[in-house]
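I've put the structures underneath this note.
Consider the two complexes below, in which subunit A is the common component and subunit B and subunit C are the respective partners.
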Partner chain A sequence: MDIQVTNLTKVFGHKVVLKDVNLTIQPNTIYGLLGRNGAGKSTLFNLLTNRLNPTSGNVLVDGQLNKNHDQALGRMYLMSEANLYPPRSRVSEVFELTETLYGQFDQQLAKQLCQQFDLDPRVRVNKLSTGYRSIMKLIVALAVDVDFVFLDEPTLGLDANHRELFYQLLIENYSQRPRTFVISTHLIEEIANMVERVFVLQNGQLTVDDSTEAILAQSYAITGPKADVTAYTAGTNIIGQDQLGHLYVDYVYGPLIADRPIPDTVTVDHIDLQKLFVTLTSQKGGADAI
Partner chain B sequence: MQFNFDSTEPLYLQVADQLEDAIFVATFVEGEQVPSTTEISKQFHINPATVLKGMNILVENGLIEKRRGLGMFVTHGAREKIQEKRRQEFYEQYVVNLVLEAQKLAINESTILEMVKRGFKIT
Partner chain C sequence: MRFKAAFHYQLKSDVQALLWFYVWGIAGIVVIPLLMWLLFDRSSAYNLNATLPNALTAIVLTIFLIAYGGNTFDGFKVLIQNGIGRKTYFWSKAAVMATIIIAGEVVNALYGLFYVAVVDSRGTVLAFQGFYGKATASPIVSGLITFLITVLFMFCLTMTAMFAGSVLALFSRRTQLILLVGIPILLFIMMFAAAAIDLPRIWQFTWLSTLAEWVSGYHPNVQAGTFNAGAPLISGLIYLGVMTGATYAVNLKLKYPR
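And then the complex of A and B:
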């Protein structure tokens, strides 16, 4: 079972939120969906799960349109900031409601997770703090038996200990019952080694769609005196630069020119996912900046 | 085990290196079980597929073996294999670089040999 997104565009009023997005979501893979605020991440999630209808383009689940396709939509779960549960209901009632809606829900796991997170299932949803509301939704996301779990800012309001616990539980859960997770978060460093593939949305357009390994293999920081660095990086895809005194850094995303010798004064390093993302999506980024 | 996430080396190779090193220094002894993919993934927040890819390198090199239904175990003779491999790498990684650096510093052959002898005395 896979999800194919073709030429997906969503317009709200005059604002183009997603523009001609094409991507495929494979089974049993952990994805990171990265993008700055307003890049269109939540809109994409809502279109995938048919909470919104696209302006144009399609979302196909195993080749069939997801629109009103209950069987396909029943294989997906979206955890988002939206509070869709009756505010007066208790946490345990939310679990029951999910079981009724989705058919399959691991009540025992939910109970165990509540204990691990120290969440009392008898508490009413509207009495939960922001952090615990996230925790409740995370527990639902891990206990519901679906093939695609979309997590929109799953760690919102969670303290460091609870985030750590969540990442451990996610991996354990994924190992026991492999399925696809798509995680959007601003805490890139924390998920960088967990995600197998990465999507980057920039102003509504998909600019990166590759395996984490391949992305990191072609992300470089070239450091040295400005003249030597710029001579070495000429003709490559420069996505940003930094200057520290006389030391100059060009960030390159893409292949370097293989047969060009590296000057003695210049060092070539790899950068991590967070640095790549920040450089790629910062306003001043781009070859013509500074 | 420790992972240096800023390293320029792909993560699965780091996993393989760390496991190999742990066997070499006898953190995991021959015949003993190594942590499962899930345990390593969980502890270091690394994708299980990445950990598995790293572990498979050790399987290919005959350092660990799968026992059906039980998990991965350090093979007999694993430590010796690692030692053998590292001795082969010693020349390329250390000796060649030593000579290159010495040439930059205008240190001649007999002086290097002298230094090596001195190094042996203090350890």
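And then the complex of A and C:
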């Protein structure tokens, strides 16, 4: 079972939020959905789960249009900042509601996770702090039996301990019951080690869709005196620059010129996902540079 | 399968809300006047007839159906969060409302029987008894027809509330507020304007007046309880069909965030 997104466009008034997005979400994979504020990440999630109807384009879940298709929508869960649960319900009632409407929900796991996160299931949703509301929804996301879990800013309001616990539980949950997680977060370094594939959205367009390994393998920081660095990186896909005192850095996304010797004054390093993302989506780099 | 789950969830929460409506209705209409009498007016005898309306349960049911029929967005957002689409949401809500109307009208009829037997024999058992209570020679058949017309009327009323609520659900809270405040003000102004041009006199000669008479089953030789029962049944079904289609179409446009 996969999700195929074809030519997906969403326009709000005169603002084009997503433009001709094409992507495939494979089964049993952890994705990172990266993008700056307003890039269209939440809109993409809302379109995948049919909370919004697209202006044009399609979302196919296992070959079937997701539009008002209960069978397709019932295979997905979206955890977002918005609280769509009845505000006066107790946490335990939200679990029961999810079990009733989705049909499959691991109550035992939910109970266990409540203990681990120190969440009292008798508390009403509208009495929970922002962090505990996120925790409640994360517990639902981990305990509901669906094939695709979309997590939009899952760690919003969570302290460092709870964030670490969540990532640990996510990996455990994934290994016990493999399925697809698509995680959108600004805390890229925290998910960098777990995401297998990355989508980068920029100004409503999908600019990167590749495996994390392949992306990082072709991302370089070339450091040294400016003249040597620019000579070495000439003809490559430079996505950004930095100047650190007399040291100059060119960030390159894509292959280096293989037969060009590396000058002694120049060092070539791979960059991490966070740095790559910042460079790709900064004013200097961006979609045009990819 | 998912329709059943959506239906059960909504039925459970709506029935709970309806029971609270009954509690508050009884408290507001019966208990508070009784307490006021006990506290301040012991000089006169307590008169149950004066405080217990014939339409007590009907009033509560009608207010509930308008309020909960019109409340579209809360139900939609819970179901879409749980992977249930707009079509299932609409049909399950319509089915819940239909179930509540039928059960509620049975309660109204039982309450009417109690009222006539215990409180005031001049009262009525069914809401439209005065129009259709003698529609046929058989009191049982006439009673059943009156019950059907009452249920159909409540279906139409509820679907109208669902339509209005669905249209409102397309707008932001701010726009909703403007519409909810603005429309009654506009109607109020129109009412004054209509009074100024003596609309009731003009009304008698318009096709609307003729339509209203036909819809109610009025005829020149009409007497109490002998209105033509076929007319409201046919017109009610047509209206219900049109409103159901319109509400369904609007429901397919629901979205989050608005």
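The working rule: the second predicted complex is superposed on the first by the 285 of 290 C-alpha atoms of A that agree within 3 Å, B and C clash if a C-alpha of one lies under 4 Å from a C-alpha of the other, contacts with A are read in each partner's own complex, and residues count from 1 in each chain.
We adopt the following convention: a residue touches a chain if its C-beta (ideal position, glycine included) is under 8 Å from a C-beta of that chain, and two chains touch if they have at least 3 such contacts.
It should be emphasised that the depicted structure is a prediction, and the values quoted were computed from it without experimental measurement.
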item: Which of subunit B and subunit C A:Tyr167 touches, first, second, both or neither; value: first
item: Larger contact residue set on subunit A - subunit B or subunit C; value: C
item: Which of subunit B and subunit C A:Asn50 touches, first, second, both or neither; value: second
item: Which superposed partner A:Leu216 touches (first subunit B, second subunit C, both, neither); value: first
item: First (subunit B), second (subunit C), both or neither touched by A:Met76; value: second
item: Subunit B versus subunit C as contact partner of A:Ala192, first or second or both or neither; value: first
item: Contacts of A:Arg179 with subunit B and subunit C, given as first, second, both or neither; value: neither
item: Set of subunit A residues, in rising order, touched by both subunit B and subunit C; value: none
item: For the subunit B and subunit A complex, residues of the former touching the latter; value: 5-6, 8, 10-12, 37-38, 41-50
item: Subunit C residues within the subunit A interface of the complex; value: 1-3, 5-6, 8-9, 13, 74, 77-88, 252-253, 255-257
item: Parts of subunit A lying in touch with subunit C, wherever the complex brings them together; value: 46, 49-53, 67-71, 73-78, 82, 84-86, 97-98, 100-103, 146
item: Subunit A - residues contacting subunit B, complex; value: 30, 167-168, 171-172, 174-175, 190-196, 212-213, 216-217, 269-270, 272
